[in-house]
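Both of the next two complexes hold chain A, though its partner changes from chain B to chain C.
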Partner chain A sequence: MFVLPAAAIFIVFLWLPIAKGFVYSLYHVDFVHGNTFVGWDNYRTVLSDRDLLVAVRNTLYFVGLCLVIGFWVPIFFALAVSELRRFQGFVRASAYLPNVVPLVVLYGLWRWFYDPVGPINAALQALGLDSVAFMTDPDWSMISIVLMETWQQFGSAMLIYLAAVLSIPKDWYEAAEIDGAGIWARIRHITLPSIRNLVLLMLVMQLIATSQSYQSQLAMLDGGPMKATLTYALLIVKYATTKLEIGAASALGVLMFLVLALLAVIRNRLQDKGAGA
Partner chain B sequence: MRKLMALACCLVLLGTIIAACGGGGGQKDNQAGSSGGSTAGNGQSSESTADSSGQQEEAPEEVTISIYYPLPDQTEARRLEDDKIRRFQEKYPHVNIVKSDWHYSVDEIGLKMAANEAPTFFNTWATEAKFLVEKGWAADITELWNQYPYKDQINPILANQFIIDGKVYGIPQKGYTTSIVMNKKLLDDKGVPVPGYDWTWEDMLQTARAVAEPDKGIAGIAPMGKGNEAGWNWTNFLFEAGGEIQEVKDGKVTAVFNSEAGLKALELYHRLRWEANAIPQDWALNWGEAVGAFAQGRTAMVIAGAEGPLDQALNQGGMQPENVLTFPMPAYEKDGRHIGVLGGDWLVINPNATPAEQKAAFDYITFDYFTDDYLESLERDIQARKDEGKFFVPPQFNYFDNNSEYGQKVQAIFERYDNVYKYDPESNRLLDGKPEAQYHTQDYYAAMTNVIQKVFSEKGVDLKKELDAAAAQVQADYFDKIVME
Partner chain C sequence: MVERGILSRYDFRRPGVKLVYGLVIVIIALMVVSMLNPIFVTLFNGLKTNAAVNSFPPTFFPDGWHWRNYREGWQFFDMPLYLRNTLLIFGGNAMVIFVVLGAAAFSLSHLRVPYKRAVTTFFLMTLFIPPTTYIIPNFVNIKELGLMNSFWAFWLPAGANAFYLLLLKTFMDGIHHELFEAARMDGASDWRCFSRIALPLSVPIYSTLAIFIFSTAWNDWFWPSLIMHKSTMYPLSTAIYKYVIGARQLDLNIRFAILSIVMIPPIAVFLLFQRFIMRGLQLGSVKG
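Here is the complex of A and B:
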């Protein structure tokens, strides 16, 4: 009985939409005049869409950038903060602060940061460098979004890593110090091995989250310039809302679901392993 | 035992919920029944009205309509609308009004209709007429329209945009011909002469070049470059050069925007970006961002229906009316036509609404049309704005003819107040509105947006090749799939 409310919520808001997504991917969806069964037509439509490859490539690029630019940041900060003897609480709160910035404010703030006469370009020019068109240069637009998202989101991941780091028994470090281990040796031989499973778990979770990203790309650049920030999830959104082809959007969603389900299985395996460790 | 008790509680709760749902439906049925003259029913308001009057058939059916309501930051417009609601409900006390501040969006209308969450009537634009009708998302209001006593006095250019195959699907509110709004003070400060209203592309380009200060983040002109607005902005220049978006012939729609005229228009954009360096360095601006940049003095010119930029510049940007000029779109060459895309606001009634709701919505929309009550309300609003140091920006043209008797009355009110923005008659005379294409206009805009972004990003872009590719894409993806009846 106690499971009933949770099960009802999961059925109505999660499992039913997933099942409906599969069903809709085989239909031409028209909520006013009724749906029509079209077989695999939606899959043929999306697989022949010239934007699909662009979106897949952009998504992989975004996921890769998030790993290269963003993944190590919270680990680095967690290690650094764990070594602090004073002001640790203040630094933790400060690092988490960007997380509570509302998205609308975030986008406005970073549009200003990236402005041709904004603070970042002013700093570049002061250093004698050329200014950068962060938003409109297709080579920079995705990188700019990753930098913004890293700034906003690293705080929460940092707290998770920090909790793991602080749970490592202190006497291990004390023993290492007695044996003459420096800070880097302690991190390399004690801290990193201790949080290895968590790092792997966070890696898979980041892969899943970033592969579904579209909000910043939509709000900041609407997928442009020249589709340079058109991600796979944004393509789904455009199919569903701009083109009003819910069936084709569902087909794209099903394809994505299959890939992400594989990652979810890996994540669960890692989680079990982490729990057992 | 406890499990059985819990199960019984759940069943009772479930039963209550089902009964509540059923009860709602029953009430609706009864209300509908009472309008049909049935004596059965427990709808309290209907019953009591019938008892007191003894003439049950005269009791109007109580209906609730959700109305298109201004956004939270449009405080003056909200005040005007609240006044209208008050007056409307004095005359139609049986109509309950729910305010909806959902404003039409291409990306949201499908979901709104699917979820049955669109208001009883909502605003839309000229491009959407055929789309909404084909989707079945605009009610056929021909019967209500034909009974409307003032229908022949409604501005026919605007009304015709929503009359398709002889059926009426929308009621015009106001219209505009896309214009260029100019910050004269920026020009004066730099000693740049203000061109005449009968200007050309070259005048616009040279003015933009002269006033631009890229190092300070000030652009000469801000053509929109982010979403579909980019294609919409560019289409003005396509029209001025004599081009068309599409050609409908022998039951087939053909993309023709990759014409010589299209190439000229694209060359102008290329020159603005690479030769004059007159557009914002961050050119990925949508309507709000471009108009916002204008109000902040970060661009000397913006391309849009004039009312929005003027309102922002005067009421939020703190500019003075004499420093904000409204120009017609420039002609391609001297003595050419100043064609701008014809736009405006139309109100469309939700086809999911009941006939009684549709009638109430129609009555609400037209409630103030051609009335003295509205004139009084308008004057009160202008006076209130004056007291607050705010300006009133009238639309370029209204649902009524500005030269009609009613139009003259409105004009007389405008003349009495110095906080009403005055369009220059010479500029108005040169305006040359052209309706947008009706087939897949937003898809065409999206395709052209991509081309424009390429023009703004790559100096050596092959303009003709990009135009041809966009036309081929629009043709294959959209126009070839049109089935003409």
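Here is the complex of A and C:
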């Protein structure tokens, strides 16, 4: 049976940890002395943790910022690039290029970019503006991270939208134009409705992805300054690595699972509607 | 040449449209510049003297081509060792995924499997579970299995990837059933059908997957830092994170030289295999 090895691996390395997450959330996990059952104690611990509220708020803020700063950008550029008559391949490739920059390079590079005496502040100064403490100002730190991630990731989203925009039959535009539809009307009544399902799908996928974000926040700022970039997922990681409370970390994971499972179901509905077409 | 898009040739004759179109082209050009600029900044900073990198305001072009930075960067830590670890992880992951998931995808799309629907659901259900929610239990699980500080902690879990399975299965669904029936008529076993027909025909999807697996192995720094507690087992990304990103004693130009060394291979892979990557992207969007 060819499925068996795969099934075994899925059980041991996916289903087992997922199930263990629920189990551990009810235990005090101790690698040396063994686990003890503590009931709902872990949940009580994390729910009474002041950082939880901070983390939830930061996560919502991050998700919102990603929408405001990052979500419309690929759609706009997909429309614009689809109208390019030359150099389209070059523009596509360069928009996607940041995607292949390794994460650690991204962090190293942008730390320097955001430096108080780095290139961005130099440019601001040249324009006669005040310099910005991108990393150390709690008001700016999350925005800085979103800008960095948008730089890296928007290209792949743009290419997905672009493929959808280019697959719209050209005759539709031709017909609409003959009927007297202006350019804006063509975009509004042909292009946007055609990619509507895809936009919804990408929206839900982005919500799922951004609400789990922690790596950049950890690598760039370690959750600081003043917990301004402490996201929910980062809180999970911190519980496990610095506080060594595996049970509490698992409880946080379970709580998050309950919220995100809902989004995942919505995503599936959208995909079944054939959103990729 | 595209004969028309949203805009037609007639539209282009109107001055207002021309103006807006020109503006949009300027915006696209700005976008391209801001996409490429940081990459060139990394490459050029790695070739400057340290004083030039630290000058304020910074200059774009290097003050000379100081290739020696690369040698110093290479010798800053045990680069070959970390590189070897990364390649080991990539190779093992690819083997497990190709063989285990390939076989599973093949049997799900072309063999008779009892309770096929249930089995498929069992695999694909995992796509719905956000990985961050079980990252810690996953880590404890690896620990309890005694796989810490071992490459098996990467190789085996690599096979537990429903997304890759889905890509493989979708591709193999497209292989005509008659091929296998004919082979079976000639007395071929299931294994021969898989290894002699399905595998060779799936080379395109395997190449796409190989690129995905490569970039994951090359990129991942956090998970290895949880699993590997011996610094000699770190993959390149984790080593860079631990020793380069946080380093205080390291000159900026050498730092950028190291970052360039890490950045160049994936960019080269991208430029060489653009076609496969773009296709993979489409696959991912259609169902993933």
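Some points to look at:
To be clear about the criterion, the second predicted complex is superposed on the first by the 259 of 277 C-alpha atoms of A that agree within 3 Å, B and C clash if a C-alpha of one lies under 4 Å from a C-alpha of the other, contacts with A are read in each partner's own complex, and residues count from 1 in each chain.
We take it that contacts are C-beta pairs under 8 Å (C-beta built on N, C-alpha and C of every residue); 3 or more make two chains touch, one makes a residue touch a chain.
Note that this is a predicted model, so its numbers are computed, not measured.
With chain A as the common reference, the superposed partners chain B and chain C clash. Legend: residue contacts after superposition of the two complexes on their common chain; A:Pro119 is shown touching chain C, with no touch to chain B. Once chain A of one complex is fitted onto chain A of the other, the partner contacts of A:Leu14 are limited to chain C, with no touch recorded for chain B. By the touch criterion stated above, A:Leu270 is placed in contact with neither chain B nor chain C. Of the two partner chains placed by the overlay, chain B and chain C both lie in contact with A:Phe31.
Of the two partner chains placed by the overlay, only chain C lies in contact with A:Ser250; chain B stays clear of it.
Using the contact criterion defined above for the overlaid structures, shared-chain residue A:Met1 touches chain B and also reaches chain C. Of the two partner chains placed around the shared chain by superposition, chain C is the only one that A:Ser94 touches, whereas chain B remains out of contact.
Greater residue coverage of chain A by touch, when chain B is weighed against chain C, goes to C. By the touch criterion stated above, A:Leu147 is placed in contact with neither chain B nor chain C.
Contacts of A:Gly155 after superposition on the shared chain: chain C is touched, whereas chain B is not. Across the two superposed structures, the residue set of chain A contacted by chain B and also by chain C is 1, 31, 111, 117, 240-241, 246. On chain A, the positions that touch chain B within their shared complex are 1, 4, 31-33, 111, 114-117, 131, 133, 135-138, 221-222, 224-227, 240-242, 244, 246. Residues of chain A touching chain C in their complex: 1-3, 5-7, 9-10, 12-18, 20-21, 24, 29, 31, 77, 79-85, 90-98, 100-105, 107-113, 117-119, 122-123, 125-126, 151, 155-156, 159-160, 163, 170, 173-174, 177, 183, 186-187, 190-191, 198, 208, 212, 214-215, 218-219, 233, 236-237, 239-241, 246, 249-250, 253-254, 256-257, 260-261, 264-265, 268, 271, 276-277. Those residues of chain C that touch chain A in the complex are listed here as 1-8, 10-11, 17, 21, 24-25, 27-28, 31-32, 34-36, 38-39, 41-42, 45, 56-58, 96, 99-101, 103-104, 106-108, 111, 113, 119, 122-123, 126-141, 143, 145, 156-157, 159-160, 162, 165, 190, 194, 215, 218-219, 221-222, 226, 237, 240-241, 244-245, 252, 255-256, 259, 262-263, 266-267, 269-271, 274, 277-278, 281-282, 284-287.
Interface residues of chain B, counted against chain A in their complex, comprise 3, 6-7, 10, 106-108, 110-111, 113-114, 135-137, 214-217, 225-227, 280-284, 286, 442, 446, 449-450, 453-454, 456-457.
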